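These are the structures, in structure tokens.
Presented sequentially are two complexes of subunit A, the first with subunit B as partner and the second with subunit C.
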Partner chain A sequence: MFNYKIVLIGDFGTGKTSLIRRYVDNSFSEEYISSIGVSISKKSLIANINEQKYDSTMMIWDIEGQTDFKPILTHYLNGAKGFVIVADLTREKTIESIKGHIELCQKTIPNLPICIAFNKSDLNHDEIEIENYKNIDSNIVGIFRTSAKDDNCVKELFELLNNEIVKRLVQ
Partner chain B sequence: MITGLILPIICKKYNISCILFSKDYKIVEFTDNLKDFVSDTKKLFVDGDIRDSLWELVGFEEKLQELYNGKKNYLHIPMLLKKDVFYDINIETCKTEKNEKLFIAMFTRQSNLSMSYLNIIQKVNHENLKYEYEKENIENSQNYYNLINQKLISFHINQKGIITEVNKACLSFFGLEKSIMIGKHFSNFFFSREVKVSSTEVSNILRATNLNGIDVFFHTDIIPVKSEKNSSQNIIICQDITYLKKIESELEYAVNHDSLTGLPNRLMLRKRIEECILKSKDTKESFALCFIDLNKFKSVNDEYGHHVGDMLLKHIGEVLSSIIREGDIIARIGGDEFVILFDHIESTQYLDLTLKRIDSISKKNPLYYSEDLIIPLTFSLGVSIYPNDGEDIESLLNHADEKMYKEKKERV
Partner chain C sequence: MDDLGKLRNLLLKEEQESLLELKIQLEKLTVESHTPQIIIEKISPFISSILEKSYSSDKKLLLEALSPIVLELIDRNYEESKDKVVKQLAPLITTAIREKIKSHKDEVVDALYPVIGNMITRYVSKTFEDMLFSINDQIKNGLTFKTLKRKINAKIHGISETELLLKEHALTNVKAVFFIHKETGIVLSHTQNINNPINEPEMIASMMTAIRSFVNDWIDKNEKHQEINTIEYGGSKIVLEASGYSYLAVIIDGAVTNITINSIREVLSQLVAKYSDEIKNFDGNMENLPKEEFLSIISQLINEEEEVNNKSLHPLVYILPLILVSWISYTIYNNIIDNNLAKKANEILYKDSALTIYRLEVEVKNKNMVINGMVPFSFYKDLAYKDLQKIDNIKSIQNNIQIIDSFDNPKDIYDKITYLTLALNLKEGNRIEYSYNYPNVKVFGNVFSKKEKKYVEEQFKLIKGLENIDFEVGIVPPNIEDIIYFEQNSSEILPNQEYKLIKIINLLHNLDEDLVLEIRGFRDFTGTLERNAILVKERAENIMKYLKVKGNVSQKLVNIGINDIPTNIDKENYPEQGRRVVFTWKK
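So, the complex of A and B:
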């Protein structure tokens, strides 16, 4: 049994809390309530590594998003085993921030697996080649176009990250 | 055991919940009010693994071991949210009567002041997100400029400040008909920051109350134009800056106050002394500064840890605040240094009596941190009186500081 912590990082309003609510409670709300501080959710998972099953518990840290006035507190990243970087497909500024968020993760705890969620894929947005973002950092293990509203690729993202983390813990 | 470490009265006063756990994360004891912070209370029991009930600690194993081995003095996890309660966790180590070393985690709820600040931040974020979406949606639209006109309030005034034209945004803001606004002086609807508006000039910051009774601040741009009959007019364009005003007032508060005690800080104190000097020059009244330094504060921090030190400073702030009069201020200007500014003093006898009161009330109000830890308040004081001991801020502060150090030396 592996218990570990992951942190969702991104600009404010990218849908970090909605992704977690969709994944943990299978719920969604259109109302935007800006997160302050941290709330922690828990999800039990099974990782399949080389045809062997491993139970794990993922503690998901939902931290407040970065704004022009407030950077992300590195305090909150301590002790994590993986990161999810969240951007809003409809707001270019949040996509431009991805690189900075990854640099922050690497600076705080290097070489942890990172997934990128290009969220709000249900809304109209400019077409972008998300696969190009894989070149930003060698620790990026998965890139997804997600929608917390339509439940698109949310489970896949967290399960991929879980598999990658457990694989590293087993080793 | 917890009651021996921290008194329930302190826990209640500062909204603290506690839990003791061992090096291998086994729960030893916890306070009843800890249940507010636990998602699954069934997993909270003595000998259970603390990480099963308090998920915050998963991932912190390495940091906790550093703490246990004395490489760190404390572990602080700020601004956690559970069950609509915002709280901080402070973890330190402590020793039991049997000399066993344990962790003590203290859960402190955020104050109402912090919560109102957070609500403002949430609203600002909400507004900014709305603004960003609107910007993205309309930038490429053909109706771009029309939409701007619908959002931006504008009106025309003549040389006498009489409104000659208003746009739709302005009418819907006030919920008024055009005929009601035209022909009236603009100051019937908009107020300047300084309240007084001259008949023809428009202040750059205006305030107006919308149809829902909410005050909104505007930054105004004034564009002079010549009308057909060659008389000059001004077009006033108003941009809503309410959220900036809110941020400004929050920042102003943060700049002028000490975050731990909530008392005014050095900057605020200096401003108030300057005001007192100006006032005293007119009224010829005296005012006084009293420098207060807590004796042996460093040893409290060294011996009992920073949490006790912080509680002591907060306690001192509360005790001293209860002594001073309305109009006086108590400021924290450094580690354990406080200054009281007595706005005006009738006589030196009055000042002597007040200082004696500080001494006696402080003696009666030690910090009851725990059953075994009661910290008495003893101060060294130094006073300076305007204008006898100095006519400017520096000389007044220096004089009081020197007198305080002299007293401190004598006491030592």
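So, the complex of A and C:
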């Protein structure tokens, strides 16, 4: 049984909250995000590692998105076991921020598994080679085009991250 | 000097000089080697270089060589100049601690927590004891149904009422306890009251961690090493007690007492002291945690006793009998107090010998005293009042003692009148009589002056028990019976007659001033009519002058010469008795 924390990071309006809402078992009111900058959700998962199953509980910290006026509250990153960076495929600026977010994660806790979600894949957007982003950092374990609306790749993203985290913990 | 000497000088002169110089230098060195001051001066510039070189070439060797010496030096130095060492080291130690806290804050906190926790606990316990005493005092003064119930409970269980009071509010209202990993917010262990099940403890723990982190982040910018302690919501509180890598969140209903806070600290102290490594190294794998041990420690905070659900009764059901019982008890209690006071008061009055004979009785109602009874004089009334004022715890004294001369019965009054009349009549000129018909008296007869009449009337009024005094006393000046005799053919006052005149003067002084006294002079058988006419006049005049001049009497005096022989004399045996002066009141 593993209980751990992951943090979702991304610019304001990238759809972090929608992704979580689509996925989790239970969550606190999203109003908390505007009051204290974070909302907590929970997801029970099973990791399959070397044909052995491990129960885990993932506590997902959805922190307030970064804007020009508001920096990310970095103390919420402490103690995390993995990160999900969320960008909005329809807004280039949010994609440009990915690098900075990864740097922040590495600075806070180095060498944790990171997944990148290029969200809002259901909307029209410019074509980009998301695989290129894998080269930004060696800790990136997965890159997905996600859509909260169409439930595209959301489950896959969290399950991959869970597997990676539990694998590291087991080892 | 022989040749050999010369030769030696010649050959060895240089050597000899060198030798001498060496000898001098050797002596100098010997002296210097025994003078530490010089050695220190010479060596000190090189010591640091030597040490530095040795340190870089063979650190271990140098350490081994130096450490015993250094230790001894430190020991000696410390013994000899303790204060100086302390002064020198203090800033270093402070800096070292500060640096250590900066770099490894959590480790320091965990290392210190059990010690400091206990210290604080002990201090708090002492403060708490003082508080217990003060609460005890307050409780003694209050009496309500609830406190009565508590008092009875305390007696039954044999513990202090205050403790019971606190227990009521302290541990019984702990709803849940979370033991949480500080950074991740993962629940390491949790327990809850059976009556208050908590859903999703992981969610709550994470959220609390987020809130804690949010607040602490903000506080940290303002004050160093401060933490949030309590989160309040509605009637409940979440008490947060943190150590280095973990914290306890305890959800409490209602008031949080010091006992609860103490218990929380104690529990966290136990956890940190025993399992600091497990907590510090927690990576998310729950299997590595001593779950059962955690649970048993944090369960100490939850009171297992289930509250007995009292079926609620209508308040009147117990309030009415309670009021009745209270009223009866209060009345009985008051009665006992009043009876005791009355008993005490009566005893005091009886024991006062001046009051023993009188039947005085004290009644007490609600601590208000009333004294009843009769005494002959107000003195006794006041005495009784004063005696009873000495008694404590009385609200008021009402003095109802009557002053009644009931000891004068008709016979006593008669005796008093008789004695008074007898006494008054002893005075010359008084002839007072009375007629007594209980409770009235009629007083009549004569007295010698107006002043005397007033006095007599007052005296009769003083007799107690008389209702009416009919006072009809007249004023009649007493007859002056004295007769002043003279020699034959003389109007001179004889010395042997003067005592009578003095007596008359004294009498006149007591009589009313508006009286008129006639002084009448008489003659004997001898002498001519003409001569006797002069003599009788002179005799009366001389007496008048005597009374006026020597006696200074106030009454009007009239002198009358009667040229005649008094009719009421024994003419045959005592013819000389005709030469006289007599006194009569002019009507």
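What we mean here is this: the second predicted complex is superposed on the first by the 159 of 171 C-alpha atoms of A that agree within 3 Å, B and C clash if a C-alpha of one lies under 4 Å from a C-alpha of the other, contacts with A are read in each partner's own complex, and residues count from 1 in each chain.
Note that a contact is a pair of C-beta atoms (placed from the backbone, for glycine too) under 8 Å apart; a residue touches a chain by one contact, two chains touch by 3 or more.
Since this is a predicted model, take the numbers as computed values, not measurements.
A.B. asks: After the subunit A overlay, clash or fit between subunit B and subunit C?
C.D. replies: clash
A.B. asks: Determine, under the contact definition given at the top, whether A:K42 touches first (subunit B), second (subunit C), both, or neither.
C.D. replies: It touches subunit B and subunit C both.
A.B. asks: What is the contact status of A:I130 with respect to subunit B (first) and subunit C (second): first, second, both, or neither?
C.D. replies: neither
A.B. asks: Is A:K5 touching the first partner subunit B, the second partner subunit C, both, or neither of them?
C.D. replies: Touch status of A:K5: both partners.
A.B. asks: When the two structures are overlaid on chain A, which partner does A:L160 contact: first (subunit B), second (subunit C), both, or neither?
C.D. replies: The answer is neither, since A:L160 touches no partner chain.
A.B. asks: Return first, second, both or neither, reflecting whether A:L169 touches subunit B, subunit C, both chains, or no partner chain.
C.D. replies: second
A.B. asks: Report for A:T67: first if it touches subunit B alone, second if subunit C alone, otherwise both or neither.
C.D. replies: Touch status of A:T67: first partner only.
A.B. asks: Of the two partner chains, subunit B (first) and subunit C (second), which one does A:N78 touch, if any: first, second, both, or neither?
C.D. replies: A:N78: touches subunit B and subunit C.
A.B. asks: Residues on subunit A in contact with subunit B in one complex and with subunit C in the other?
C.D. replies: The overlap between the subunit B and subunit C interfaces on subunit A comprises residues 3-5, 32, 36-38, 40, 42, 57, 59, 73, 75, 78-81.
A.B. asks: Looking at the complex, which residues from subunit C come into contact with subunit A?
C.D. replies: Against subunit A, the touching part of subunit C is residues 181-187, 200, 202-203, 206-207, 210-211, 213-214, 216-217, 283-287.
A.B. asks: Would you pull the subunit A residues touching subunit B in the complex into a rising list?
C.D. replies: Those residues of subunit A that touch subunit B are 3-5, 12-13, 32-40, 42, 57, 59, 64-65, 67, 69-70, 73, 75, 78-81, 90-93.
A.B. asks: Name, in rising order, each residue of subunit A that touches subunit C in their complex.
C.D. replies: The contact residues of subunit A facing subunit C are 1-5, 26-28, 32, 36-38, 40-42, 57, 59, 61, 73, 75-76, 78-81, 165, 169.
A.B. asks: Under the touch definition given earlier, write down the residues of subunit B that touch subunit A in their complex.
C.D. replies: 39, 51, 55-56, 58-63, 76-82, 86, 118, 121-122, 125-126, 128-129, 132-133, 136, 247
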